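The same subunit A turns up in both complexes below, where it pairs with subunit B and then with subunit C.
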Partner chain A sequence: MKRLVAILMLALALPVARADDAPAGIVVIVNPASGVERLTRSEVIDIFLGRYRKLPTGQLALPIDVAEGGPERAQFYQQLVKKSPAEMSSYWARLVFSGQTSPPFQVPDVKTALQLVESNPNAIAYVDRAAVNPKVKVVLEIRP
Partner chain B sequence: MKSGPDKRAGFAAFLPRSIVARTSLSILVLAVIMGLLFSITASWRVRAAEHDRLMSRVDELASTVESTVSVACFVNDTKLAQEIANGLMKNRIVAGVTITSGRTILFGTGTIIEANARAHAKVDKITRPVYSPFEKGPAIGGLTIYVSHEEIEAQATAYSGYITWILSLQVAIVAAAVAFLVYLLVTRPIKGISDELHRLEVASGVQIALRGRRRTDEIGQLVGDVNALITRLTDVLQKEHQLRVAQEISERRMRLVFEKADTGILVLDPAGAVQSCNPAFVRILGAEAAEPNVRLADLLAPHGERIARLIGESRASGEPRDADFEIDRGGVRGSIWVELSVNPLGHNLLQGLLTDVTERKRAESAARELASRDTVTGLLNRRGLDASLANLLTTNTAQHPLALLQIDLDYFKEVNDTFGHEAGDRVLREVGAILERSVRRTDVVARTGGDEFVVVLPGIESVEKAKDIAVNVIAGVSVPIVLSAGRRAEIGASIGIALAVPGEGASALLRRADTAMYTAKQSGRGRVCLAQTGGDEPPATHAAA
Partner chain C sequence: MKCLVIEGLPRPRRVSPRGKMIFRISMFLVLSMGAASLCAQDFREDRFAVRGFGTIAAVTHDTDDVEFRRNTGQSDGAGAGEVEFASDSLLGVQLSAKLPADFDVVVQGVTHQRADGDWVPQLTQGYLRWSPDDSFVVRAGRVGYDIYLLAESRQVGYSYLSARPSPEFYGQISNDDIDGGDLTYKRRIGGGLVRARLFAGAGDGELAFEDGTSSESQQRLVGATLDYLRGGWTARIAMVQISYDAGNDIPLLVAGLRATGLPQAASIANDLDERVYHSFGVQAGVAYDDGPLQAQLLYGFANSDSISGPDFNKVLAEVGYRLDRWTPFVAFATSRDRNPIRTTGLPDLPMFAPLNGAIVRIQEVTRSTQHTATAGVRYDLSSHFDFKLQVDRMHAADTSLLFDRRPDAGSPVDLTVFTASVDFVF
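Let's turn to the complex of A and B:
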């Protein structure tokens, strides 16, 4: 059943990925003032999926999710942990129920996410490579 | 009779007597033993299998919660961990759960269990590493599920109990079925045969019916064998009956012979004692013959030695021997003659036949007497003299020669003519008495003719002695014999004496004596004349006075 759902999800996601895949990938960005140069894939997973809420420097990490429905969010999680948006919702639902961990802070669009990273040294977000500006620092390039 | 074997049997006395009961009991005991062995093995196996089954169930439980546990471990969520653990522990099989993330224990009832178990016994648990739900890599935590031993035991026991119950049921059913079959196929037919045998009268020759039993099986064979046995038995019984009847008749006949025979029949043991005897034996020998263990030699006293010899001869030769014995019973019975015949019977026993031959002996003796005695005087006659003389001459010796007196009465014819034959006989008897008085008892006196007498004097000391006797005789005879009132017979005698020469025969001796007697008569009666030993010389005569 699970597998069937996964295949179904993959089939739905595939045309989307193919359309946006060609120009550029998703990158993880932080405020340059955070002092973070690079993040490993594991560190990004730990932060975004609620294991740790700390940057390698020791500062608090504030992960930012783009609102559901946007192509970046699905692409990001798909490429990072091979999970569909539905799977991610289910994952967070379990954790929210216990109330100990919370999902990343949610913003309506990529623009808001960029603004938050530009202004907050603790913030960490993912955007399309094309949307990167000099006020943010790319610390990991997500490749499928 | 019953108490002996029962006491001895002891344990066996408690066993049932019927084959059905015994077979069923045996099968039951066997089945119970087998069942117990099987149950023990089964319960051991079941326990192991149950353990494995429950462990794999726990493993499955672990798999079921794995993804959630990995999430809980990933985010170090103790609440979620507790939720999972509570869920797991709703299974009775789960005794405790420990969930760790890194070094942190998110949830841990297991540690207490582990501490307890270390003090008591081993603890079954399943430990699984927990990986990140999102990426491959080293384990980020662990899940340990502790298994409840009580539950394994309880389940295993319940399962074993169930198996044991099923087995017991099977054993009971099999035992009952076997008992029924044994009853149907073995006991009932055998009981039937036994009942028929009880009613059976062997002599009648009636056989046991097969009655629906198959001829080919063991019971059928048994019936066949029993019938064959009955036939043989009937045959044997009939033969035996005939034999017995024949033997009874023969025995009765023999007994009749034994009881009624005039001949005494007896069996002698090796010591010579009478072991058994018939009434005739007692009749012949008197009441003491009926006493137990009386010796034959004592009964036939004083012939012990002869009897011993007779028995010895018969034993040695193995053939019958017989002899006559004269025994003096004393009293009225006086002397009797018996003929004893002994015959070896084997086993050192002897059969004796005892016949009373007294009558025969008396008749014989009377006949012999009659033949050798003179009927008038009772003295020996000519034949008796011949026999005695022949006998005496064989023992004649030169030292003590035999003397023979030939006596002829003088004037006897006159007495006969004057007074008659009866008076003559009376005179002859008187002369006989005188002669017997004049000689020894061992000497022989005979009347050889009308008025001729012969006296034989064996072993005489001298011729003179013989002459003396002759002179005495003449003197005795010459005394007148009173016949009746006023009648007297006066006679005399002439005597010739001959001394037997060794080797001389009776007739020669008698001739010489006769010649001498004639010489005496011619020389004038009442004289004694001695015969010459040589022959022709005239004999010397001596006057009696």
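Let's turn to the complex of A and C:
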């Protein structure tokens, strides 16, 4: 009986252990000097999908995309709008070639995204929570 | 929406001097100001970009003596049992440069089958944009105007589900761009986003005819769109008024009709006896695009103050559902002319044949009584390539989209159209 209980406890603990090992999750970050405390999911969608690129303060929002192929980008759009990289590419083709707007500025990696947000009060980016540092502010945690 | 052509008097195509001027100005702006930005260090500084899109498509169908066309501006269509690559294939390239002081400039050229059969690249966009804070955007030059709901250009196959835009809904639109400008205003309201746009300008509409001739007419457009976006939902209402000159050959036709003394012919003469004709179109629709589900429902109508313009109602419904890389989709579109073709009432005698033929032909170029059921699948090869297979079952009662060379041409016809295409963006 003790052996059965031990197996059950181990089985219950296993998913917890896996969750501990998983990435901390994607968060949206801005420069602390932007004056933005929180963003709604809808506002983040508007900014990153080129619908309306303004922060709640009235300032222009300058979104940053990490290069295609990186795990952060795929995870961010999958969790934000449930779209695959191919669907996002199709979405941007609609807007770019009809002259509506441009996709977010693209940087090669998360480190560059962080540097741009740290130095520009209008910049907004997404990173893994584990990459957040005191020079940026988390304004939204993206949950599936 | 179209121009008038009397039998035997097709108008030659010409190169628009206005188009040349806009192309030169746009290229100058891109090359002189955009090139300086290649070494930009910060994303707020200027940027220069080269992008492109294209489609390679093979089309065939099963009905002899009928040519299927994507729209009325194409000189050749796909015949029965033959594989046609010219109907849906195209290539486009866009150059853009971000400039200081919230300006940017875009130049876009597209090559595709034109009304006279050539593939000379066409300047589809060439404008200067000023956007001080994204609530307010002004564009001046050659701009596209809102035609689509889910995909805002009918030329970028990679941006929509089906192999081609619905011929019922978009096949009669003879141009995609205007020389003028637009003004967009956006504002968050009630948890969603309101987007209003006004546009005005002049455009050249192309039409191709069954006898191999083509024509180009200048149109003046004024219109507005109002969108509400919330989550995955988009609702739109759009209006446009199109004005076009009657043409130099109309007074002769009007005089000929009146000279017959027949009341029915004189009535048509009165209808045509204007220097400028007007058509008014409205489109209302709702779309849902969230996660794997993509759907749209559109309704449109057009009214004209002359028999030379369109008078029809249209409905389009489309739904697709993504399953990993595959997105199967189905669609149904129907369009219906509200009025039958008017005739002069003159006897079918050789001396009246030019008048009778001209009046019928004037109306035939905008006929659109047909419906199509579509099923297909899109496979995303990567985030830059897709592959599509599509089958359309079309019933055409009276349409200008088909070149009909059957012995009983003009009678209702059914055809099944098969399409395989690859779309790409870069």
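Annotations for the structure displayed:
Keep in mind that, in the parts below, the second predicted complex is superposed on the first by the 122 of 144 C-alpha atoms of A that agree within 3 Å, B and C clash if a C-alpha of one lies under 4 Å from a C-alpha of the other, contacts with A are read in each partner's own complex, and residues count from 1 in each chain.
Basically, a residue touches a chain if its C-beta (ideal position, glycine included) is under 8 Å from a C-beta of that chain, and two chains touch if they have at least 3 such contacts.
Not measured: the values here are computed from a predicted model.
Taken together in the superposed arrangement on subunit A, subunit B and subunit C clash.
When the shared chain is aligned, subunit B and subunit C each come close enough to touch A:R51.
Of the two partner chains placed by superposition, subunit B and subunit C are both touched by A:Q100.
Set against each other, subunit B and subunit C differ in how many residues of subunit A they touch, and the higher count belongs to C. Within the superposed three-chain model, A:P71 lies out of touch with both subunit B and subunit C [touch as defined at top].
In the superposition on chain A, no contact is made by A:P32 with either subunit B or subunit C. Contact with subunit C, but none with subunit B, is seen for A:S89 once the two complexes are overlaid on the shared chain.
Taking the listed stretches 22-30, 58-66 or 454-462 of subunit B in turn, the superposition on chain A shows a clash with subunit C for 58-66 alone.
Residues 42, 45, 51, 81, 83, 91, 94-95, 97-100 of subunit A contact both subunit B in one complex and subunit C in the other. Interface residues of subunit C facing subunit A in the complex, by the touch rule stated above, are 42-44, 47, 49, 51, 53, 92, 94, 96, 98, 104, 106, 108, 125, 127, 129, 133-135, 139, 143-144, 148, 150-153, 155-156, 158-160, 186, 188, 191-193, 195, 229-232, 290-292, 322, 325, 380, 382-384, 386, 425.
Those residues of subunit B that touch subunit A in the complex are listed here as 68, 71, 74-80, 83, 132-135, 137. Residue ranges on subunit A touching subunit B, taken from their complex, read 41-42, 45, 49-51, 80-81, 83, 91, 94-95, 97-101. Per the touch definition, subunit A reaches subunit C in the complex via residues 42, 45-46, 51-54, 58, 60-62, 64, 68, 81-91, 93-100, 102, 105, 107, 116, 120, 122-123.
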